[in-house]
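One chain, chain A, links the two complexes that follow: it is found with chain B in the first and with chain C in the second.
Showing the complex of A and B:
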């Protein structure tokens, strides 16, 4: 059974929709309350980044099943300005918006896997995964 | 969004966040809180976040800023009812809520 959901991010209400969908799937997959909250918070951060920096984009939420491992993958992608300096963006306390500068590095710490791809002028794609223990 | 529900009990202003806040409502809420503090002149402000299921860096910033602003107006803020999962998530993210005190 492949479970996949997609949310277009066009306004700040869509951030809430994305995290509701993520929380529901996390719950269905059997994640505990702490992991549900980690995943939901991570989705909130990534959705907000899309909305703040690119204006629009999409968040794809997927249930993963690899042999004995089960988990969840979230892909957040936009075609915005991209992240000029990924290393800088991944530093604690570095912020170009009104956040606390913990968005991306914080998201990475909440998840088991974190990949970021970006090209200046072409947008950004962040993929995160959490595995059921 | 409706005005935020607040309750004045003795010298304390109590506010409960009951809805999932998106960015615009969060900023409105901040302004509403400051107005209520100004109008009611409490000794202290209690913000009940026990119904809040997610505190991301945006909402964390908003709560910290609000507490700092309220302090500037001469009133201390106490955040009550932070869920354990939220405490865990904030800690792991490296988010520290400043400007107020905490109570279970």
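Showing the complex of A and C:
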């Protein structure tokens, strides 16, 4: 079963769309209510980052199945200004827009796997995974 | 050269207007919306006759390229009204655009008959006319989508208005039941409504209930915190209620610090707390 959905993020309504799609898929894959909420919130954070910092980008939601493991992967990518200092961005309480500064570190804590790639001026790609157990 | 081919097409359109109309109406008889009975054949024919007349006048000067030119004003106006009315009676965008594209097919067939013996002229005329009709087709789709978007925007606006009520449940106690997504426009409205209500009702306790908020990410949490801060500055104490077990776990994981905020699991508990703070007691009546 290969399931992939893609949402392009262009306005704040797309954030809602992205997280609804993520929640639906999490539900279908059999994630419990708590994990559904974690995944939804993580997708919300990432797509909001795209909208706030890059303006446009896309979120890809994928069902994963590796041998015995099943799970979900979400890739959020944009071609925005990029993250100049990833280490800083991953620190709790660090924010460049008067936010709470918990978005990225919080998302990492919500998920099982978290990868971030960014180059200044070339955008950012965040890949997160959650496994079903 | 361009002038000549333009003239050819406009002459053809004017000369064969009646036959084109017949063929076009026939071509449209197959579309599904027509079969569904959304429009009668008579209506369709009248509408088509009107549009063809307008189009013949527009191309009469030989301009097939610039549809923003004044001679196309009528065409554009007609198509705008047409798309909006089609959208409102339930035509799909492709059914709406098919109207123009079926005219294109029909006219191309007439062009073929007319200029079949002059291939060079024919291909020029075909390209010119196709481009014109494609542009007009796109206008129908664009206006159709715009009409839909207007409806959606209207609905959003009315939703925004009904979704942020502030209710005074008792002397000095306000309840703010939050439902749905809290975006920046909503957050601003919530804050304004709340602060005004605090003054108007002289309230000292505000219960913010988020039972109906499906996801609380850091942005939403930040907005809630700011609203509560503002209320505090006005002398009202805030109680946050309706935090589901899932949202509570998520907030802890993500690291949102709500330690400075009074919270309760349910609106009921929040109300009980408010009563206690105001030294009110709810008792059963003795009968």
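Methods note: the second predicted complex is superposed on the first by the 132 of 133 C-alpha atoms of A that agree within 3 Å, B and C clash if a C-alpha of one lies under 4 Å from a C-alpha of the other, contacts with A are read in each partner's own complex, and residues count from 1 in each chain.
The working rule: a contact is a pair of C-beta atoms (placed from the backbone, for glycine too) under 8 Å apart; a residue touches a chain by one contact, two chains touch by 3 or more.
On a predicted model such as this, the values are computed, not experimentally measured, just so you know.
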Task: Comparison of chain B and chain C by chain A residues contacted - done: B
Open item on the list: Quick check on the superposed pair: does A:36 touch chain B, chain C, both, or neither? Answer first, second, both or neither.
Closed with: both
- [ ] Figure out whether A:81 sits in contact with chain B (first) or chain C (second), or with both, or with neither.
- [x] neither
TODO: Identify the partner contact of A:55: answer first if only chain B is touched, second if only chain C is, both if each is, neither if none is.
DONE: neither
Open item on the list: Please report the chain A residues shared by its interface with chain B and its interface with chain C.
Closed with: 12, 16, 19, 33-34, 36-38, 40-41, 44-45, 48, 92, 99-100, 102-103, 105-107, 109-110
TODO: Report the residues of chain B in contact with chain A in the complex, numbered from low to high.
DONE: 20, 22-24, 53-58, 60-61, 64, 83-86, 88-89, 92-95
Open item on the list: Looking at the complex, which residues from chain C come into contact with chain A?
Closed with: 181, 183-184, 214-219, 221-222, 225, 244-247, 249-250, 253-256
TODO: Would you tell me which residues of chain A are touching chain C in their complex?
DONE: 12, 16, 19, 33-34, 36-38, 40-41, 44-45, 48, 92, 99-100, 102-103, 105-107, 109-110
Task: Footprint of chain B on chain A - complex, ascending - done: 12-13, 15-16, 19, 23, 33-34, 36-38, 40-41, 44-45, 48, 51, 92, 98-103, 105-107, 109-110
